[in-house]
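For reference, the structure discussed in these notes is given below.
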Amino acid sequence: MHWLPSDVSTFGPSVDHVFHLILGIVGVWFIAAEGAIILFACWFRRRPGRTASYVSGHNLRELAWILVPALVVVILDFSIDVAAGHAWDEIKLESPKPALTVSVTAERFAWIFDYAGPDGKYGTPDDYWSMAKLYVPVNQVVRVEMRSMDVIHSFAVPNLRLRQDVVPGRTISAWFEATKPGTYEIECTELCGFDHYRMQGSLVVLSDSDYARWQHEHWSPIAAKPSSAESTGVRQ
Amino acid sequence: MANSMQEKSTPIAGAALDLRIWEWLVGLLFIGLLVFVTPIPKVAAIGLVFAAAVVKAVLVVRKYMHLAAEHWLLYVLALTPVVLIAGMAIALLPDIAFRP
Amino acid sequence: MEAAPNIEAVVQFGDGDSIREIPAARLAIWLFLASEIMVFGGLMSCFMLLRIAHGGWDAEAAHVHWRIGAFNTLVLLTSSLTMALACTSAKERKRGTARRLRTYLGFTIVLGLTFLGVKACEYSLEFAKGFTPGAGLFWAFYYTLTGLHSLHVLAGIILNTTLWIAAARADLVPVVQRRIEYAGLYWHFVDVVWIFLFPLVYLT
Amino acid sequence: MSQAAIQRNVLPVEHHEELSFVGKYVFSTDHKTIAKQYLGISLFMAIVGGFTAYAIRWQLAWPSSAIPGVGTITPDAYNTLVTMHGTIMVFFVAMPFLLGVFGNFCIPLMIGASDMAFPRLNMLSVWTLLLGALILLASFFVPGGAAAAGWTGYAPLSARPDLTPAVLGQDMWIVALALEFSSFLMGGVNFITTALNMRAPGMGFWRVPLLVWYEVTASVLFLLSVGPLIGGAVMLLLDRLVGAGFFLPAKGGDPLLWEHLFWFFGHPEVYVVALPGFGIMLEILPVFSRKPIFAYRALVYCALTTTGLSLIVWAHHMFISGMDPRLATPFTVTTILISVPFAVIVFAMIATLWGGSIKFDTPMLFALGGLTSFLLGGVTGIFLGSAATDIYLHGTYFVVAHFHYTLFPVTFFAGFAGLYYWYPKMFGRLMNETWGKVHFWLTMAAFQGVFMPLFLSGIAGTPRRVFAPNEYSLFKAIQPLQVHATIAAVILLLAQLPFVVNFFWSLKRGTQAKDNPWHANTLEWSVSSPPPHDNFERTPRVRRWPYEYSAPGASLDWSPQAERGDAMPATGRH
């Protein structure tokens, strides 16, 4: 639906699917219920010479009028549970093997993205880090390993349908696969203080050729010298 | 009213019963301490110590707080929170105790 | 479920629900204790969960004085006994009841004060070694749990003292006989909390 | 109980008029007076909360402009505003209004008791609440201002004094909440004991009015859920004061622990507020449609089921908080399952309308407005309750719109319904109908106007708690939605003026109320308006269930609970 921002991730469709499934189910119920209330309110408004009927709903025959709908609600609930469960597992449980892993550091009020560089190892001189801009190749599984230096932040990319809190003291990872080159907004969606609303970044999805060029331009060419101290990639 | 029922149900009652319960409590306390000082596997020790504690608590609650002779509703009142807390603690195990 | 109501029967026999036969104050006390269980239970679970997360805190736990704790446990258990005896004597309707009641209550108060005194000494010993509430999670929990419990003990002592004073006046003795049950319930609960706190903090 | 007896002995009824103002209205142990004190506190706090809402909305609509009457605000001030708005509205408006006012006023009257079980404890509760409220208000004026860590007070932001300017303010926030909790613990104990223990002869459980059932289940729920958070508040305070570190990773603590403790209470809290609100609507619907409430017992079981379920759903607030992802689906299931009891409640309310003879007086209008508005809040909860969609919608304006669509209807629509309905019993005069209807239609329209747009802006992804939504390239285009919401919000606040005027005008000038102006069955309508100090001259004998309307064979279309009468056999099982 057009009121959701354009979706550029592989799992976005499953989220949108659950969204629309729920929208359909509750939409029907909502309209039915509101309709019933308004209709009954009109039909049974007080009129001279008409008295209310005595229906207390104490025998099962009358109770059925609310129990049967309730039963339908239960069934629909479980259908939602199943759909939601599948989508959740796809996004948060089954992370596929990443082509690129980026270490994300959230710090009031900035996003810092660390790349291991050509040698694929952190803590080596050829590491590359970028402020607020996360460059990723299109159609590649990217894994972000997120840490916070101070308070709880939340890494949110509406266009990816991805959101994950970043909690100090933990390394929380998430994955995504962007399907369309372009620049998308990264937000912090957990209140983190004064400049919370300015804690923004951008996700730059590059086509393979652009990504190669970017790597060539920014990743320092010096060969990785084996370092004994393999830091975890956390910026101190 | 509670106590009168209790007197019927148990051979000893009143002050004598209170005293007997206290003997049990102190006994259990020393059993716990004994377990603590004897060099046995920590898990087993903790298990025994807490078992003793539970027995002590049950004794106090049932006899001194005479829940043994109370309306079922008071049992529900006393047990519901215990169950809830246990459930909460278990639900928090993966996040807090075994966190990544 | 209520049977077809013959009004007069209903009026006489309180609609067959026995719950309104529970004295209001006893019901209220148990409700209060239920919420207290949630408070202490919550704190204790937090302690256990974080303790597991940190592999037991054995080093820190080695510094608490378990002998003092054991002594205090004995004190509190005994105070529960004297409290129970006070409640028992309050129920009997023979001469000297008021006197016995006051004696037992007095013992309970003294034992409660002893507990607090010993706890204070214990705190000062730990402070002397630099184990303050800010000295790490174990100590933070230690002071929070035992401190909150000590505050409850203090409240119990105050409650008992008011009853002890009231029991000196002949005209108030019946009131005390009625109310001491509730003070007792609270005091025993505080004892039960300690029964779990002691092994939790000192013996593991 | 005994205090109440003593009270009565020392102050016989005829002396009440001679009591000093202080003795009668300030340090009163009469549940009716205490209810009015709660009313005063909650309505005053509602004005403060409404003002914060106005400032927030204006800032969101025109971030660069100065707020009329406030001036330009800093992002920190904005965080303070959202924090205090949430805290005030949930803890110092919704709870005192729905539990404090209607619980205190209705429970003893509805079960045929002379007062609460513990009148002095009752007085203590209201004074504790007032103290908490004063401390919270005072925190606005201390250096550094009031708390600014969100009403959820997530650690470490709330646990470290150096992260927000509110150093003392955050401490005062914690203390105020602790006092509020203890106040409603005492109140809850009082409610439950009274309802279980002081029912008049014949008032069996299946004859207790639904409002009493719902107030009591809410109190039980509060009693069972708040404990861990009280412990948590102590821990948070120690984190701030002595650097204990319970929630500070640097010291081995865990921020997620606070989130769990908070939501273990925080979610039940929603039902602590929602249940009494529904109780009020369930009392009013039958009276104005002259029909028995549909499926009375089912409605009681629904309240109990909701209470039980709401204790095991809290983690749906934490799907993306970094908690173990395997927990998400179980909590999705329990969360969405709560829709079932609430669906049954809604169906029963709709079924009550069927075949009725509905009169649209102001209380009924507000009850129906509450029901129709709550429906949207209820169904949108499904989106947030299911983990997958929560990934996208969490922390957006969708959440804001959702919980305002649940809490506003139960607090204000149901609350106003109850106020217009019991006002004659409270103050002996009726409120003006015309102005009541004006109040309703303006409120209804404006409320939809505020939060409908926020659903859309939430679906578009706008994050909540941001100082300037137009700073995001993604949401510049939908800034008009924010403007729309703000204009509606201003109208919504202005729409409350007719109510305020009506309220005070009717105190003096309103038409004298008869004992039973709405022809209702419950016991409070069988005594004078306002009721005497001890409510009932002689303890009523309850003869039937509360919803005996238009009974076949009855001469009138209502059959008061305590009245001998022809309608008895028709409902033998009640």
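Letters A, B, C and D name the chains as they come in the text, with residue numbers starting at 1 for each one.
Note that in this section a residue touches a chain if its C-beta (ideal position, glycine included) is under 8 Å from a C-beta of that chain, and two chains touch if they have at least 3 such contacts.
Everything quoted here is computed from the prediction, not taken from an experiment.
With centres computed from Cα atoms alone, the innermost chain of the structure is D. Among the remaining chains, A is positioned farthest from chain B, on the basis of C-alpha centroids. The distance from the centre of chain B to the centre of chain D, with each centre set as the mean of the Cα atoms, comes to 38 Å. One finds 32 Å separating the Cα centroids of chain A and chain D.
Rounded to a whole number, the gap between the C-alpha centres of chain A and chain B is 46 angstrom. Contacts with at least two other chains are made by residues 19, 22, 27, 31, 34-35, 37-38, 41-42, 45-46, 49-50, 53 of chain C. Among the residues of chain B, those in touch with two or more other chains are 73, 80-81, 84-85, 88, 92, 96, 99. Counting only residues that touch two or more partner chains, chain A has 170, 172. Screening every pair of chains for touch gives A-B, A-D, B-C, B-D, C-D.
Interface residues of chain B, counted against chain D in their complex, comprise 73, 80-81, 84-85, 87-88, 91-92, 94-96, 99. The residues of chain B lying in touch with chain A in their complex are 99-100. Of all the residues in chain C, the ones that touch chain B in their complex are 18-19, 21-22, 26-27, 30-31, 33-35, 37-38, 41-42, 44-46, 48-50, 52-53, 66, 70, 73-74, 77-78, 80-81, 83-85, 88-89, 91-92, 184-185, 188-189, 191-192, 195-196, 198-199, 203-204. The part of chain D that touches chain C in the complex is made up of residues 1, 117-118, 185, 188-190, 192-194, 196-199, 201-207, 223-232, 234-235, 238, 242-246, 251-254, 257, 261, 541, 543, 572-574.
Chain A contributes residues 3-5, 14-15, 18-19, 22-23, 25-26, 29-30, 33-34, 36-38, 40-41, 44-47, 50-58, 62-63, 65-67, 69-70, 73-74, 77-78, 80-81, 83-89, 91-93, 108, 150-152, 154, 156, 158-159, 161-170, 172, 185, 187-198, 200 to its touches with chain D in the complex.
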